[in-house]
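Across the two complexes that follow, subunit A remains constant while its partner is subunit B and subsequently subunit C.
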Partner chain A sequence: MRKIRRLLSAGIGSEREGFSLIEILVSLIIFSVMILVVGGVLHKVLVDWSRQRDYLDCVQNARASMSFIVNELRNAKSSSVSVENSGTSIRFLWAGQTSSSDRVWYWIGNQDDDGTFRGDKAILYRGTGTNLNSAYDERTELANFVANAEIGTDVFDKSGDEVTITLMFMLHPEQYEDCGYDCPGNHVLILSTKVRTRN
Partner chain B sequence: MMKRGLTFIEVCIATAVFTALLLSMMGVFHQGYRCLGITRERTVAMNLARGILEHYSDWDSLEDVSASVSNGEYSLVLPDLFPSCVDGEGKINNVLYACTLTIADGPYSPASLKLITATVGWSKSGKIFTVAFSTMKADI
Partner chain C sequence: MEKIDGNRGGQILIFVLFFLFLVGFIGTSLATLWQSDARLRTLDQDGLTAFYAAQAGLEHGQLYAKNNGTASGWFPAPSCQYDDETDVHVAGNASCWYSSITGARYRFKIYSSTSGYFWWLRRFLWFWLFNPGGSKVWAQGQAYRDGTVLAGKQIENNLDYTEGWQEK
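Our next item is the complex of A and B:
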């Protein structure tokens, strides 16, 4: 009871001092500065976290697609392997297959959008068919973020029965022209390997 | 009634605790970046090592390294093997990879069965990392 009375008497007309305007202003400024600093740090952490997660996706994407191509190409019939379209596509038959309609194709698109001839130039496709047009109709997307077209590097190169595969990835391939290999937060990831056909 | 506020020391300690918490949180992110970098470099190295083994899975290619395919450790020139992905300084993704091919005797018929090992090494923050793949190759 005494406590409640004391609390009530601490209202208007009591001798207890509140905060002065200056004190409130100073504390508000300090609080705002702290919020801005912490907010800035948190924002940077979130942006970097998001970029890091995207980049990790990109690395996983790169590794999985490279392994997929290598495993399939290793079983190809050596005489059927052919690199086409200035190193942007490759076709082959598996051992025992003879029909051209069974050809397996890997290629990167040649357009900016997916509604045209060979698809998006930032995507690596796989399909089967006599030619690239028919393969395009049955395409599956194997990897995105592919930057070979922007950088101007061949994906496939064949020498004898050995195929060299070079995949270049960027989170934003369209930025390559402006800032090259070392775009801040958008570095080029290059993967390269070789495979020999076994049949 | 005189009510005491917080002393300067108390505020300093609170700020220090808060800063320590924030820094430890940053440490987690830094560790994440580091792991991501190592994962990326390991992925590149594994692909290079696999490519080197594929390249030297042909006996004729081994003879290019050593005419009589004799045992030893041979340094490989990365730009010769992977010209399209190595920059002017011999780096891939700004990392310098050193590649070696080791030829050793196989368990049987050592003249015609060899154990070949492709090793790709790189250094980061003073630490050396390596990836090595091995296979047998017969002269048939």
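Our next item is the complex of A and C:
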């Protein structure tokens, strides 16, 4: 420590030993530039990494929820399938079931949060019960990031034995109103498929 | 600590500059790699959209076979149809994509797994031998944007005739 102090103090205004003021300034500038470059790159990588991680969550959400609904709906009794609430919910019975209390419901919410009936509009729910109220009491969250309500697209549609499911996902559905499908870092993921009820 | 003379100072400066270059190069490379990775993941996303579109085509095709196929293995052509492939009975073509949602579309065709015959001969044999088994429904789904295809998936399923056409 004593040596360093002597080195620094001796360098300023002295010809004997140590760094000159110019050398220290140049090294500080180089070091600062280095920190700025490395920091900038790291920041960009971290921001991209965080965004991609969220996107992956979103895609996995989409994949899992779509797969879940399709598999369950395939086993539904055709005559029991009914699309309700302007295409935002669907109910059906499995083959062999007859009681209305066994009805399976899928729906998206219409509120800003989960605490009030029918739940958060960015969440896809599943529940069982005679009506949507009773299903809501036993709800499980199947997927979040759902943007159908914000975009105004029906989730379910039925034509004969064919049910069309359309799920739209965005990391920040609330931004759709401002910049549509092309919000920076908030692209929409649309999954649409058809299911033919088998029973 | 010894005094750092002019030569040594120059060496340190060169070392620092080299170090700076190295760090910048590695950092830029990492960022570029990450962006490539991000693009790949986006492709996976488009692939998922295409897959579900293809699945919609498969379901649509199966329903078509169920509702329109005859016991002899004859599938009447829908309004949008072509027959330029020997095996094809029912098809959508480039102008016959089914699309009900932004950025995704599908088409399907139904064909026999038996090959090596002319289609009319196969239908003739089916008619007389009553052997309509072995047909397949094939579906293709695409994710597209601004006229550019981003990803495509093809899937198929066997069809079997037991009191009507259904998936095997």
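Here is the rule we go by: the second predicted complex is superposed on the first by the 183 of 199 C-alpha atoms of A that agree within 3 Å, B and C clash if a C-alpha of one lies under 4 Å from a C-alpha of the other, contacts with A are read in each partner's own complex, and residues count from 1 in each chain.
What we mean here is this: contacts are C-beta pairs under 8 Å (C-beta built on N, C-alpha and C of every residue); 3 or more make two chains touch, one makes a residue touch a chain.
Given the structure is predicted, the values throughout are model-derived calculations rather than measurements.
Engineer: With the two structures overlaid on subunit A, would subunit B and subunit C clash, or do they fit side by side?
Structural biologist: Subunit B/subunit C on subunit A - steric clash.
Engineer: In the overlaid three-chain picture, which partner chain does A:A64 touch, first (subunit B) or second (subunit C), both, or neither?
Structural biologist: Neither partner.
Engineer: Which holds for A:V26: it touches subunit B only (first), subunit C only (second), both, or neither?
Structural biologist: After superposition on chain A, A:V26 lies in contact with subunit C alone.
Engineer: So, A:R196: does it touch subunit B (first), subunit C (second), both, or neither?
Structural biologist: Both partners, subunit B and subunit C.
Engineer: Given the touch rule stated above, what does A:V47 touch, subunit B (first), subunit C (second), both, or neither?
Structural biologist: Neither subunit B nor subunit C is touched by A:V47.
Engineer: Applying the document's definition of touch, where does A:D154 land relative to subunit B and subunit C: first, second, both, or neither?
Structural biologist: A:D154 sits against subunit B, while subunit C stays out of touch.
Engineer: With the two structures laid over each other on chain A, which partner does A:T164 touch: subunit B (first), subunit C (second), both, or neither?
Structural biologist: So A:T164 meets both subunit B and subunit C here.
Engineer: For subunit A, what residues appear in both contact lists, the one with subunit B and the one with subunit C?
Structural biologist: In the superposed arrangement, which is not itself an observed complex, subunit A uses residues 16, 38, 41, 45, 48-49, 52, 55-56, 59, 62-63, 66, 70, 153, 162, 164, 166, 181, 189-196 for both subunit B and subunit C.
Engineer: Which of the residues in subunit B end up touching subunit A in this complex?
Structural biologist: Contacts found on subunit B: 1, 22, 25-26, 29, 32-33, 36, 39-40, 43-44, 47-48, 50-52, 54-55, 57-58, 81-82, 84-85, 87, 92-94.
Engineer: Considering the complex alone, what residue numbers of subunit C touch subunit A?
Structural biologist: 1-4, 9, 12-13, 16-17, 19-20, 23-24, 27-28, 30-31, 34-35, 37-38, 41-42, 44-45, 48-49, 52-53, 55-56, 59-60, 62-63, 100-104
Engineer: Quick check: in the complex, which residue numbers of subunit A touch subunit B?
Structural biologist: For subunit A paired with subunit B, touching residues are 16, 38, 41, 45, 48-49, 52, 55-56, 59, 62-63, 66, 70, 153-154, 157, 162, 164, 166, 168, 181-182, 187-196.
Engineer: In the complex formed with subunit C, which residues of subunit A make contact?
Structural biologist: Subunit A residues touching subunit C: 3-4, 6-7, 16-19, 23, 26-27, 30-31, 33-34, 37-38, 41-42, 44-45, 48-49, 52, 55-56, 59, 62-63, 66, 70, 153, 160-162, 164, 166, 181, 189-196.
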